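Chain nomenclature is as follows: A, B, C and D, assigned in order of appearance, with residue numbering initiated at 1 for each chain independently.
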Amino acid sequence: MGLTIGVDIGGTKIAAGVVDEEGSILETCKVPTPHATDALTEAIADAVRTVGAGHHVEAVGIGAAGYVDEKRATVLFAPNIDWRHEPLKDKVEQRVGLPVVVENDANAAAWGEYKFGAGQGHSDVICITLGTGLGGGIIIGNKLRRGRFGVAAEFGHIRVVPDGLLCGCGNQGCWEQYASGRALLRYARQRAFATPENAQILLSLGDGTSEGIQGRHVSEAARQGDPVAIDSFRELARWAGAGLADLASLFDPSAFIVGGGVSDEGELVLGPIRKSFRRWLVGNQWRPHAQVLAAQLGGKAGLVGAADLARQG
Amino acid sequence: MGLTIGVDIGGTKIAAGVVDEEGSILETCKVPTPHATDALTEAIADAVRTVGAGHHVEAVGIGAAGYVDEKRATVLFAPNIDWRHEPLKDKVEQRVGLPVVVENDANAAAWGEYKFGAGQGHSDVICITLGTGLGGGIIIGNKLRRGRFGVAAEFGHIRVVPDGLLCGCGNQGCWEQYASGRALLRYARQRAFATPENAQILLSLGDGTSEGIQGRHVSEAARQGDPVAIDSFRELARWAGAGLADLASLFDPSAFIVGGGVSDEGELVLGPIRKSFRRWLVGNQWRPHAQVLAAQLGGKAGLVGAADLARQG
Amino acid sequence: MGLTIGVDIGGTKIAAGVVDEEGSILETCKVPTPHATDALTEAIADAVRTVGAGHHVEAVGIGAAGYVDEKRATVLFAPNIDWRHEPLKDKVEQRVGLPVVVENDANAAAWGEYKFGAGQGHSDVICITLGTGLGGGIIIGNKLRRGRFGVAAEFGHIRVVPDGLLCGCGNQGCWEQYASGRALLRYARQRAFATPENAQILLSLGDGTSEGIQGRHVSEAARQGDPVAIDSFRELARWAGAGLADLASLFDPSAFIVGGGVSDEGELVLGPIRKSFRRWLVGNQWRPHAQVLAAQLGGKAGLVGAADLARQG
Amino acid sequence: MGLTIGVDIGGTKIAAGVVDEEGSILETCKVPTPHATDALTEAIADAVRTVGAGHHVEAVGIGAAGYVDEKRATVLFAPNIDWRHEPLKDKVEQRVGLPVVVENDANAAAWGEYKFGAGQGHSDVICITLGTGLGGGIIIGNKLRRGRFGVAAEFGHIRVVPDGLLCGCGNQGCWEQYASGRALLRYARQRAFATPENAQILLSLGDGTSEGIQGRHVSEAARQGDPVAIDSFRELARWAGAGLADLASLFDPSAFIVGGGVSDEGELVLGPIRKSFRRWLVGNQWRPHAQVLAAQLGGKAGLVGAADLARQG
């Protein structure tokens, strides 16, 4: 099969791109994400038609946040969009006249990294995405593993602290409350509030108050040596690495790939994650260790991955 | 392929059995487990020869506690036996003249239940074994998933309580410290010590002290309505069910199978586990729920599973 | 000294009362609580003048939420009112021409219970108030112990869960997030959401959704036997009792008094708290146990206590 | 009153000393601690007679680990000695013919520091002793506060981690499992085991294995810059400081005094404890902060304190 289209549905933008068999994006377009579900379906179809014009496209892969059923056809539930048992595959196929595959966005990104990014050469890979929340994908034996009902790899919602922080999912102590961009910001604000004398750089980047600290300030301040910012990254890494150690106990992959906005900081965050991973890895002197790798495709992983999953059929 | 032999290496006994393609055991023998590793290899070979005499056997599967490498040949580390990078496959093959497959015992038991027990008809199954500790096995897409290096499915050592109880593995807060036969006994003893007036039946079954309580007393007392014993099972179930909910977030199987000695109590423990599972299952109103099933093969699951894995080659 | 006035500053109402030496309230008045701090001072003074008219009053005691300094004169910080280093004693004295004592409201309530309520006859008493949050007061050697700087007995903010729930104070895992009216409501809503089939009575009292459950529904449903409501009280009691056991390790009083709205349910909540207290009390077979008593003065404890503290001078 | 004798009953030695009103020790003697309780009583009496010979002594104060009743006469329970409801005051008085006061050893040490050491000038002081375990004493309003039944200030056994580490007391998650000499050693061993490359100095001080690390090695290695040793002290300080913040919420003293063997390291441990204390102190911008001071009397605090408490009568 030749060219396919990948669609990445974000909170504010829909990105669509024509992708070839090597994972190269030949052409892209972006449109705003409408709120209404009907308008959203139309916008997806429009983006597909627009970007595909003039290309011989054979299939479409759509990545979206939420639970996607085992047939990769219906969105059972989406956290940010009003989709409940939404037959997205059918609706888009009717509009664009091409075979459509729907996939969870973190799964799609995992597949992109496995196939064309940091995971190349590995048959068993676990990807985690440290964005606003924490998502991920599972590749075992060179296949994306979606679970029996399509909702596997919801890494962000394993419980790492009994009676811990409230999560949007209704539970408490979910991993994404401790290892995510939102968690990093909370660490920085709490520490800057309690010990402002150790957060002078960090506080100077915003409005001077702990509540005025933004995510990008934490990265910037850490690079400048701000003790609170560095300590916040370390705290994030403590939780991320301990969680990877748990995933190693469960999945025993040869590589972990860490993506998402937080991972853009590179070794600032990956170094401490690796340390924490080794610290908590059970039986670490008796077993081969998985590598902990930085994602390579950045924000394009989901689009490229969705396109390739459509190619697989 | 026809008959194979399964070997289950326990702490005190080695059990070997000739197993047919339907998982029926045609003949068994048991010998004591020697301490010395050389004597142990001989004992395994002896058991295989003894039980196999008069049968046309084509392969041998050995289940043993510990890390087994990805070639199913070398025991990297065993917790109770002095095996470190032990080439068990080669040693036994030289002695018995048959192809040998080595497998982690909980993996073997999981495979047994999947193929011939509670997991029949399911393609994606997670088994947990609540014995003295907590072990398990992963079946995805009708295959046993062993991880890239052979050491996947070490469920007992995911961290469920940061800074929690010390574990024999060197870490703290491992799941098996909260959901296992040993944990059940601890719950019962602690509660009987603190509130003996609620543990009168339980205490009467032993020597009257909380330290004199044995595992079987807890089951017996729970059946007789002892409040502390019942509460101890409930506490075990709280942790077991919450952990299964985490595994559902990760693996999304269609069934969990709960085996091991603790599960012999049937609904006394499975009922509360199901409740706790539902309580903590993320997105439980939007997704199909995995069933939580009792294991069916009891103590034979490991032997039968090892034999069948040898048959697969 | 004869009559004094107690003032209890609540979120919506200011209550003032003339109190005699036996703790009897001779006359009361209530006025709305103004938002602006100047108006608030005036309102307090007005309430004092109104209720005191026709009585020979010798002093005024004011109970207010927040940190009150060691001179019982200045409110250092109040959580719900815009007081920061507010010289409340001076301002009110100027307006009413009587000696004024300012006290933390939970301290005042503790003193009221000690002197005229459940604590009579005890020299060493710890009071906890399970209201929306969790407050308390310490009586040792027949004296209210306010700390060196006036801010002792902030029971609600000891950390009982590392990395636990966010608290309004900026920390995580504070006791009042687990043992308070707000916590009880959270328990009920979470459980009703996860297992609605066990919360039919509870859900029927509100609008049928878990979010529609109100505090009074939980009490009502528990009295009617609703499993989720009963379990929610038990969870509250688990945390309350374990915390009392900690306070016993620290203070070793002869009695705990449990007040606040949650305690209005009487044995429904006190019974389980006593059980949990005994369960966690260290060395419980070697030491005399403190009693766990229900408060007797209800919502009047703070007013009566403040008045009596003013009498002490 | 003039001279009194203080007796400090340790696990291996009994130390007795004649102490004057300024807390100076005029003469001391040490004898081995016998195991049998009768022999122990005799040994205490012998030590008192020996050290007191030639002095005009008016009373004897004995400090011992365990619960001492409110009359300071009977040891209700001792953790290391076979005393259960032991009438120690009467037994020793009969033998030495002087008034005897029995006190919990950590209380005695707290009183010593308050009266003659770091606590001079403070009316409200909380002492914690970071030895093998964690003990402490409470001074409020210039008086030692022993609780209504004599067993207050058992700081080591407040629960800081639900479902945490097992404690010798039978509970889980006690503070002394996280902040004590024993905890420090566990931190160092765990970290050296998991990441030996960061513990080269530390490992070189013992036999090269993590289990061979002793307490004094951790201090020595930390002074030499060993990363694991430093990190172990930091972990200890995290827990110690967070616990002091809880004690500040409860007691609001003007000073904390940190004693015990761990505190011998001075700023190596006190600096991080102060940081952690400030990090977790609730309302830290609105309240005066307690000082965190190093103990000054070292191992003599208990003897001197016991002697002075006997003087108070």
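Rule of thumb we're sticking to: a contact is a pair of C-beta atoms (placed from the backbone, for glycine too) under 8 Å apart; a residue touches a chain by one contact, two chains touch by 3 or more.
Listed by chain with UniProt protein names: A, B, C, D = Glucokinase.
The structure presented is a predicted model; accordingly, all values stated were derived computationally and were not measured.
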* To do: In steps of 5 degrees, what rotation angle do you get fitting chain C onto chain D on the CA atoms?
  => 180
* Asked: More C-beta pairs touching across which pair, A-D or B-D?
  -> B-D
* Asked: Between chain C and chain D, what's the gap in Å when you average each chain's C-alpha atoms?
  -> 34
* Centre-of-Cα separation between chain D and chain B, whole angstrom -> 45
* Asked: So what's the Cα centroid distance for chain A and chain D, whole Å?
  -> 51
* Structure fact -> The positions of chain A in contact with two or more other chains are 161-163, 170, 194, 280
* Of chain A, residues touching chain D in the complex -> 162-163, 191, 194-195, 275, 278-281, 284
* Once bound in the complex, which stretches of chain B touch chain D? -> 161-166, 170, 172, 178, 190, 193-194
* Structure fact -> Interface with chain A, chain B side, in the complex: residues 67, 76-77, 84, 122-124, 138, 140-141, 143, 145-155, 157-162, 169-171, 174, 242, 245-247, 249-254, 280, 282-283, 286-288, 290
